Each structure stands twice: as C-alpha cells, then as structure tokens.
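Both complexes shown next keep chain A, but they swap its partner, so chain B is in the first and chain C is in the second.
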Partner chain A sequence: MTALLTLDYVAEKMKEYGTAEQVRSNRIRIRTTPERVSNAIQKALESLGCDRLITISTADNGTTFELFYHLIGPHRTVVSIAIEIPRDQPEVISMSGILSPAGIYERQIHDLFGIMFRGHPGLKKIILNEDWPADEFPLRKDWKKNPDTYYGGIKVERT
Partner chain B sequence: MAALPESISQRLVNWARIKSPWITLFNSGACNACDIEVIACLMPRFDIERFGILAKGSPRHADILIVTGHVTLKQASRLRRVWEQISEPKYVIAMGACGASAGAFHGLYHIMERVEDVIPVDVYTAGCPPRPDEIINAVVTCLNLLKEDQVHGGKEWRQNKSDEMMKPIERKVEM
Partner chain C sequence: MPEVIVPIGPHHPALKEPVNFRVIADGEKIVRLELDLSYNHRGIEKAAEQRDFIRVLPLLERVCGICSHSHSSAFAKGIEEIMQIEIPPRAQYIRTIIAELERMHSHLLWLGVAAHEIGFNTLFMWTWRDRELVQDTLEEMSGNRVHYGMNEVGGVRCDLTPHQVSTALERLPFLEERIYQYVDMVNDQQTLLLRFKGVGKLTREEVLKYGAVGPTARASGVDYDARRDDPYFVYTEVPWNVVTDTNGDVYGRTCVRIGELRESANIVRYCLENLPKGPVRVNAPKIAPEGEIFSRYEAPRGELAHFIRTNGTNKVERVDIRTPTLANWTSVAMCLVDQNLADIPVIVAAIDPCLSCTSRITLINTPGGKPGIVTFDELRKRGQTYCQEQGPP
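On to the complex of A and B.
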C-alpha cells in the first residue's frame, strides 16, 4: 500500500466525522468536532492505514483554538484531523490513551497555549521553566511580556 | 585580589597566565554559529594553540569564559554556577549580538536577553557570529585587561572608571 490516498477514498471512509478537503497533493484535512475527535482518530488508525502521529499543531484564531492531529502511514499521505475549541473554555479530551506519543505534544500545548487535556496522565511543564507563572501562556496572541512579572531564571537588579 | 607585594612566585604565575590563557565555552542557548566559530579558532587555519590559548572542558581549569547566545531562563542559573566555579582572576567574553542584547531573539518570552544580567561581562564581541579573528582579538583584549588589573591590584578600578566615563570596556573592544 504505497500509493497516495485519494480524497474520495478518505471522504468515503470518514464521512460520519466531517468533511474532507485536499490541502496539498499529499495532505487531506478532515474537519470534525471536539466530541468526535477520539473516534475519528481511532477510525483513521483502523481503516485509513495510518499508523503514527507526526505532530499536533495548534493555532490561536482570536476566538477559537484550532488543533490539527497530523497522522501518517505507509501510504505517505498526511491525514490531518482538525478541531476547533472555544477560547474561553479550552478543554479537549487527551489522545494519549490511543496514541502514546500524543501525550508529549499535549504537554507542550498545555504549556504554551493553556489548553487542558482531560484524562492526560501527567500534564506537567515540559518546555517552560519550572518557576514560570501558572496563568501566563506565551504563544497566545494576546500575551505580552509584563516587565514587572518575574518569569523565572535569575532576578535582575537594574539600577 | 588585593595588591600584594609581588613575590617571585606571584610574578611567575602572572607571567604564565598571560602567556597561556585557558578558555572554556558555555552555550547558553545559542544557535551554534558562535560555537562553530570558536571551533574554527582551534582548527589549523587560525590555530590559537600556537598562542598558548587552550580550550578546556571544565570551567575549573579555565581563566576566560566565553558565553555564546542569549541566556535562556533555564540556563541562567547554570551559567551562574559555571561562572562561580572559575577561580579568580576570571574574565568573561560575551560573544556576538546575542550576548549583548539577544540579537535576533530580542523580546522573546523565554530569555534573559543579556549575559550582563546574570554575570559580569568584561569584553563584548560584535557580529552574528563574530569571525575567529575577532574572537582572538577579544581574548587579547582580555589579556590586556588582565595586565592592567595586575597593575591596579584588582578589577575595582574599572568600576570606578566606568562611573566617570561611558562604558570604557566597550571602547576597549574597538581598539
């Protein structure tokens, strides 16, 4: 199974989870909802021949967070499963049970965007330093460095 | 380092220090371009070992600490600890644009921005990355500072001088 997946094939297999679109020649995106994302990924693993996760990418759209789960298999087609979650209640179910490498990406996203992953076994800091303030998320669009806040490292005494 | 009357052994030590400064390299989150330029110094084209400048792995053996990169928040305490392990007299070279003001990384969320915020810096080198001959020039500038400090009996005189004049250390780099 080394030929690229076609849009029709993917759309047929994934029709109960949402619409599929061809983003690039080797990339197909499926838009689904946060409630069905777990089943959609399970389905992609079982019936689309995907066997691993490349990464989870996140975007801040101002009103929502977009999460893309990029899956790939021996067919060399990237199947991206996209969801949108509201910005004022950033919560989504953790994929670490189905795809164990997802756990480490979810810790990163939790650090930098402040998205909660329900059911994650250890949602600790991974990228930011340990003494980083708990309610600041540096990759959110509205975040600004506050000169009065201590972000960790060494305290600077400027005269 | 107080101004002791110079014994023969102290004069011998001072002479040896200037003839063979040992440097150690600390990467505080740099993009590795500066590190490659330091490695290029050690390679046959520039070959700083013929001047007696040796790159050492341990800060406890070194006289001069070369810091590359903007200092990330995680590396700040480690840089401080490495600096504390160097025995006196010790000199610090902040390498490249990053060491002075974080360069291309200025304003990011995870950095201290200046080496000077963590440890006192004696010499800055300009460039992104600085060329190997500029690194050699910075080490030679450090040695000139060392000679002057031996005459004045410590580093304090430079602090007094910088109160009078604007940034005498930066002017020294351009000599």
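On to the complex of A and C.
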C-alpha cells in the first residue's frame, strides 16, 4: 500500500485526456471522450500505477449512456474514467485486449444495455437467457415489457 | 487428438447452483472453458429502480443468500454517504459484528463444500456442524438465519441485548478451538494436501492481470482488502490483519479462508466486548439528494462494488452491482487451462462461486393456521396494523 494519489498529480498526468475531479478522498474521476478512452486507460495503467479494473459501471441518463471504468492500483485510489456515448449509436472500443477482466463486464453490458464493443472476441449472451429477444435491452430507461413477446422460461397457456 | 466439448450443467451433481460450462478438452486436459451464467438472472437492478429506499434494502439482501448482509451494507453505506448522515457508533459496531459473523459462516460453508468436492465428507460434516453455532448467534441477534434484515438506512433495525452479547461471547472459544483444529488438519491431512496442493495455481501476475478478488487474490499474495483499503464501519478501530498466502493454489485459498476465520472471530470478540452505548439508528430523510457514489465492500468472497446514482427522489436512478464471483470467473477460466477434468469441481469451488439463488413466493402461516400465499399488499397491511398497535418506538 502506498500513499493515495492526489488530484494535482492525476490532473497533470492525464491532462491531455480531460479534466480530473476529486469525488471523495480516495476517488478521482476523469471525464474523457469515447475516442480517447483506450489511450486514457493505457496511460492510467502506465503512469498512474493502476494495475486492475474493479468494474465497468453503466448508467442510462435518458440522453446518453455513461460508462465508468473504475481502476485501482497499489495506491488504493479508485481512478474512474468516465465517457458518454450516444444512444442512437451505442458503440465503443473493447478494452478486453488491454484488460482481460473487461471482457466479462462488457458481455454483461452488451446484454443489458445493448452497447456494442468493437473488437471484443466473443460478445455472446452471458446474463440474459438464450430465449431473450435480441433487440430488447432491459436496463435501458425506455424499456417496457411487451406482453406479446416471449422472454424465455415456461410458456403460460392463456385460455 | 480432436478436441471434445464436455457440457457441465446447468443441472449437475457437482454444481451447487445453476451454471453452464462448456469445457473444451483434449483427452483429460482442459483446453478452454466457456460460460453461461444466465440461469439465475432476476432483474434485481431494474427492480431496485422502482422501489424506495425502505423497500430496496430487503430486495438487495436477496441478491445473495449467503452474503446478504454485504449487499444491504454496501448499499446502505453508499446512500448514507449521499444523504450525508452519520450513523451512531453502536450501529456501526453491530453492522461489523453481523458482517464478520457472516464471513465466518460463509467460510465454514465453503470449507465444507470444498471438502465435499474432494470426497472428504467427514470434514464437510464437522464444518457444517460448527457453522450452526454461527448461524444460531445470527438467528438470536437478528431473528433470521439467512436474510438478517439488520440494515436500515440510518442504522440497524435491532439492538443487541446484554444476554445476546454474553451468549455470543460464550460460543466463541469453542469456535476458535475448532478453527485451530482445521489449521492442523489442512497442514497434515494427506487427503486434503493431495487434492489441494498445486491445483488451480494462479501467480501474483496472473491474479492482477485477470482481476481476481478476495481470498482467491490474497492466496497469491495480492493484498487487496476493501476493509483496509477503503475503510468503512469500525475496521479502523478494531485490531485485525489482512491474511495473505503465497501458494496461489487451492491449498493457499484454504489457508487464507481459515486465517480469515480466525481474524473474524477476533473482530467479533473485540466488537462485542467494546460495544459502545447509545442509539442504534438515526432518522434518515426519505429523499436522497442528487448524487453518485461508488461503494466498495469486502464480502466473504471478495470485493463487492455498488455504483449508486440518485436523482433527488426517494428512489435510486441506477444501482450497478458487481459481485465478487463475476470478477473471479475470468481467473477460473484461465487457471483451468491444462488442468485435469476431474479437478473442475474443486477449482470452481475454490473461488466459492455464488450464483445467487431465490424463491419468489412466500409460504407462511396465515392467521388461520393454514399455510398459504401472502401477497405483498396483505403483508404491507399487516405491517401497518402491527406498527399502529405497537405505537411509536
């Protein structure tokens, strides 16, 4: 365990990718763009000493999808790299090449939000069952259960 | 020799919960593993967006039947931070006691399951008998053996009586004696050593690369522990150590878990003996201001992360749960490569997979004495009448 990262240090190292803000004593968030996310993560791994990905959190704010890549290292500061991607073209580069654990989280996000990860080696269903319709993504805010769609499981005979 | 696909699950005697593995094998050796976890998806994250903070905690407790306190604690402490409320010290201590008892029962359960997977059923029976003592303590404190329902936004639901504290303290010496016996067993029982040593090995570099968490990571010398790295509850006040090991195999994971059992017993004792006086909860506001929190918690299986976003109402905008088992799957898939097919159960069991189980209907005794199904509205009405009869606390 080493000392916590300071905001100034992170802001200096990551200044080409976006602004850093201190969310809490051991949480620093950097907002960047989907095009630069891969480089930003690479940079955080190399120069901020981060060595693992905790998770990729996703949220739907109605206008865009937000992705947060939470990284941590021996300094025990969570460095979150945040991006927003448009709802009409939900696509972002896959991180599974740089960070292997990202693979499973991306499959999960693909299932639940319908975000495409370019370059993912096997973007197959993992969380939702195989009968789930391919064009419905339950965690999107505008998703409603359609009474006529079959979502898997035991079929109920209506008489 | 051509590769063969061996399907395992979703229903298989070696699996405790439904999961489907497609093991690609070359003779006896495993080449690759493909996973399907879809058999337990219940849409809890979606359901959580539709419930207010009072109702969302019982729902989140049901994410997992074993680490139920972990999920409600991770959520409650996140929401409390967004609301900027400080919970009383006594509540912090009680939360810690329940959390550590939960860790003990979970690790004892794991030790039994691992012993069962290698055909050592005597150890399985012993650990599960000892686990009953922990379960009894939890039942006395909270009223439940599994979903304790202790957390509430703003504190805990039940206070501990002096009698509960003293009975819990009386049980600890016996448990500790048993834990020491397990340490001896793990070190000299040939049955255990032959099946655990060198099986499912992960080096320190591999653990960091594949993002394993919890005892799986600590067994390879990666000392990530959210209790120390991101302190919550009273872990800064209680003397305890992060348990690590350097073996990196199933044997190492067993040693870490047994070491943690010992640490947990010490934490429980310290908390019970130094339980501060005072209230156990504060009145929390019904509405949380707009905010965002990434709440980390060390569950028995590893680091649990809740990403919570609130929107100024009494419901959450989003709760994103990353369970420790999901983080560990990548490392399992990697450490199975080149191992024997027969070692799958014990390697998979070594991460203590928790695919979370559920039942959706509550069968209880209706006032007439007959078993029946109680709808949510009936249950709510019953709760309201009960509270009116009891009067304000």
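Everything that follows uses one rule, which is that the second predicted complex is superposed on the first by the 156 of 159 C-alpha atoms of A that agree within 3 Å, B and C clash if a C-alpha of one lies under 4 Å from a C-alpha of the other, contacts with A are read in each partner's own complex, and residues count from 1 in each chain.
Here is the rule we go by: contacts are C-beta pairs under 8 Å (C-beta built on N, C-alpha and C of every residue); 3 or more make two chains touch, one makes a residue touch a chain.
These numbers come from a predicted model, not from an experiment.
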Task: Report for A:Y150: first if it touches chain B alone, second if chain C alone, otherwise both or neither.
output: neither
- line: Chosen between chain B and chain C, the partner touching more chain A residues is C
- request: Classify the contacts of A:V23 with the two partner chains as first (chain B alone), second (chain C alone), both, or neither.
  value: second
Task: Could you tell me if A:K125 is touching chain B, chain C, both of them or neither one (first, second, both, neither)?
output: second
- prompt: Touching chain B and also chain C: which chain A residues?
  reply: 128-129, 138
- prompt: For chain B, which residues are in contact with chain A within the complex?
  reply: 71-74, 76-77, 80, 107, 109-110, 112, 117-118
- prompt: Touching chain C in the complex: which residues of chain A?
  reply: 1, 23-24, 26-27, 51-55, 57-61, 68, 70, 72, 76, 78, 80, 99-101, 103-105, 108, 112, 125-130, 138-139
- request: Sort out for me which residues of chain A touch chain B in the complex.
  value: 128-129, 132, 138, 143, 145, 151-154, 156
Field: Residue ranges of chain C in contact with chain A within the complex
entry: 35-39, 41, 43, 45-46, 81, 208-211, 223-224, 228-230, 292-294, 296, 303, 305, 307, 309, 317-318, 320, 322, 326-327, 329-330, 334
